[in-house]
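Structures are listed in the sections that come next.
Both of the next two complexes hold chain A, though its partner changes from chain B to chain C.
The block that comes next holds the complex of A and B.
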């Protein structure tokens, strides 16, 4: 398995080196939206004398910079490609290979993140200077962040695959993923840090999977939650990961049985 | 001129007929748009649960701005994006020849040929959000009522001109979809007034990618912050942008070498 992965990794790295501009572009996608909402919250905080709840302007900056990093590290985009693979029958050759198609996607996903992380860090340093970010991160937070962001990446990847496999039954994956993305827009911590979601929205966000992908690891990296709270939140991540793991196995098995390639 | 209007109507009808072939898709696209708009309004409401003004914009003005954002973005996705996508593909495949052979302005035929009719729903929802925002603003004078459509149309022209200029690079570099994708993603920044952004970003959003201008100025006009000089500047600016972009496009067209030329 390790040898297979190494071979796939090399092949993907070579492929990725052919699309350097694409790498920069996708990197910018994970920066643009956090910066937009950062600017808005800074304006709101300034209108209220510089402080909203426990966040001041510099805390918002730190939060959204962490969010941007996390959204790059947890990105998954299979839902968008899978529909085409099913519709055009391109999945068939992949199903014939001895390796489960998900492994190709895993490697592709890892390589994309590896190539983006360096240019992204440069942009984020620049943004944190512009907005004068203040991080409350301690070494304990960094130690907790590493497993937390890995859980988040796995959760985002697996939930993306569960969404993608709906392509076996319907060709409207685009609509499904739009609704999913919009729920994430509200509940993942993009429009506001989870702690600032008003009233019941905050409780709902903690019950749904979205926040565990973006908001939770970002808050841990910023040092916005105590280590014991962080552990509790990571338990939430693990539970959702387990749920999606089971769901993926069920859905995939049922879906492949349903699938009939073009010409079959 | 009337000939071109007739052509436009023809193009539009053909596209509408095409889309109505896929009714479920059509309906789903409208539902998606409604969900996107509703969640965006939700985001603004969450921000305003902590404040009453954002950089001098109160909730009413902010909703007007968000409505303008969806009007402009909806216009882009309804009238521009489909044609420009096809245009890039045609340059790559060499099938642009077919458009060049027809007896009408090539730029017109290429850039206003396709429509995504379902996206009219996005513009309609934008108009609804503008109306809701306006209901919170005490009174609208005659000047504002006249200035608003002018500013909005200038915004459309500005967006169109920039897309024409960007897509022209396809004549030399062929693959410019990345550039276009970048442009559409910058569009997202228009949902807030351009003055909330820090210096370098504001500069980008008002000059290089004038989405900030195209959305913010119409909203300013209707929300009663009419600045006659600013409006005049927008009218002149978008006219100049249109002329420059068109001549750049014609220059680029000269470098186009069909499929097997």
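The block that comes next holds the complex of A and C.
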């Protein structure tokens, strides 16, 4: 399997190298939204004497920088491509090879992240200096961040595939994933750090999967939660990952049967 | 009896499709209630194919050819019936089976567009776990047979349709499958490329002993490659037997072509010999019943005497035979 992955990785890197401009645009896209929110929160915090809850302007900067990084590392866009593959029959040749189609998507996803991470880091360092970001990160936070962001990436990827698999039943995956993205917008920690959401919204966001993809790893990296709280949040990530793993297996099996039933 | 490579019994596939009449009212009604209809794409067919055979699978559009190939390759679940290919039930899609067969569709692509085919081949090598020496041998052989030298290093999107098809063939056969399902492999290709692909399929079959089931709208493909054909129409099997016997069974007539020294003047009465199909530049084509063909030919030779420059008796062109099969409602023959 490692050799298969290596071969897929080489092929995918070559394909990606043909779209360097697109890679850069996607990278910028993942930064723009957090930067807009950062600017808004900085304005609000300044108007209120420089502090909102436990966050001051420099904390907001650190949070949104971490969020940009996490957002790039956990991005998953398969729902869109999968719908296309199903609708135009491009899934068929993949189904007829002795390799599960998810592996192609895993590699594609990894390659996109690999190619974006360097230019993104440069942009983030620049923003960090501009806004004088304050990180409360300790070595323990960094150690916890690595598995946490991996859990988040896996969760984002698998939930994306569960959504994408609806393409087997409907050709309107876009509406399903748009609904998902809107929910994520509120509950994932994009509009505000989870700690600043009003009580009930915060409780809901901790019960839903969205925050475990973005807000949680971002807070761990910023050093915004204690290592013990971080471990608890990571348990939440693991539970959601397990739920989506089981869901994926069931939905996929039923979906392929459906696809095969209607005309592949 | 040898073990069949493909063994199909009473295979059926029914699709449920939504139907809607045109117009606003019907459209609005369809929001609430949809009318569904069952379409029998494959309505119970049975056949077997022995190792190393190349079989032509014929039928008009919508006959059920592609549906059958998709079931045999494992893409579709049948509604009823059984099929085994190389001893496997195809739609279980076991890795062991997938590694032994290929489905090539002339209008579909399976290569990555943005990279050269050579790199896609490497990926396939790992997916099919082909040992390096076997991989090299396969690539060399396919490169030679399909004349791919120049093509495999260009990104696939820069290739012409014909070039891409050749590369698709190589990609589909790189794991040396024992069974190949070819669905319209020459569709959209120019004549010379069609000829090359045909030559390649024949040579591949000869070298590897692979079993091949092929559909094509080009009868030349079938004539060049297949000794045996299976004809289906509206999901049912109409004929399964030697291509050579198809005409005899399906078209009960022969074509006599007579060339006359003095030209076939309209005044020459030939209607008493058979139905005149065409008449030009001294050549007359007559359609006569199969049984009376020898006697009519002898009479023609006798009656025309020295005026006759040449005469031949042949089966009607295969396209005509096939067309006759599909247009005649009562034709239900099986070998």
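As a working rule, the second predicted complex is superposed on the first by the 259 of 264 C-alpha atoms of A that agree within 3 Å, B and C clash if a C-alpha of one lies under 4 Å from a C-alpha of the other, contacts with A are read in each partner's own complex, and residues count from 1 in each chain.
Just so we're on the same page, contacts are C-beta pairs under 8 Å (C-beta built on N, C-alpha and C of every residue); 3 or more make two chains touch, one makes a residue touch a chain.
The model shown is predicted, which means the values in this text are computed figures rather than measured ones.
Trainee: After the superposition on A, what does A:247 contact: first (chain B), second (chain C), both or neither?
Mentor: In the superposition, A:247 contacts neither chain B nor chain C.
Trainee: A:208 contacts which: chain B (first), chain C (second), both, neither?
Mentor: neither
Trainee: Where does A:3 make contact in the superposed view: on chain B (first), on chain C (second), on both, or on neither?
Mentor: The answer is second: A:3 touches chain C but not chain B.
Trainee: Answer with first, second, both or neither: which of chain B and chain C does A:196 touch in the superposed model?
Mentor: A:196 sits against chain B, while chain C stays out of touch.
Trainee: Of the partners chain B and chain C, which touch A:150 in the superposed model: first, second, both, neither?
Mentor: neither
Trainee: With the two structures laid over each other on chain A, which partner does A:42 touch: chain B (first), chain C (second), both, or neither?
Mentor: A:42 contacts chain B only, not chain C.
Trainee: Quick one: is A:95 in contact with chain B, with chain C, with both, or with neither? Answer first, second, both or neither.
Mentor: second
Trainee: For the overlaid complexes, name the partner, chain B or chain C, with more touching residues on chain A.
Mentor: Of chain B and chain C, B contacts more residues of chain A.
Trainee: Return first, second, both or neither, reflecting whether A:257 touches chain B, chain C, both chains, or no partner chain.
Mentor: Second partner only.
Trainee: Residues of chain B touching chain A in their complex?
Mentor: It is residues 24-25, 28-29, 31-32, 35-36, 39, 42-43, 46-47, 49-55, 178, 181-182, 185-186, 188-189, 191-192, 196-198, 200-201 of chain B that touch chain A.
Trainee: Please output the residues of chain A touching chain C within their complex, sorted ascending.
Mentor: Of all residues in chain A, those touching chain C are 3-4, 6-8, 10-11, 14-15, 18-19, 89-90, 92-99, 257, 260-264.
Trainee: Of all residues in chain A, which touch chain B in the complex?
Mentor: 21-22, 25, 28-29, 32-33, 35-37, 39-44, 46-48, 52, 130-131, 172, 175, 178-179, 182, 185-186, 191-192, 196-198, 201
Trainee: Any idea which chain C residues touch chain A in the complex?
Mentor: These residues of chain C touch chain A: 15, 70, 73-77, 91, 93, 95-96, 98-99, 102-103, 105, 108-110, 112, 114-115, 119-120, 122-128, 155.
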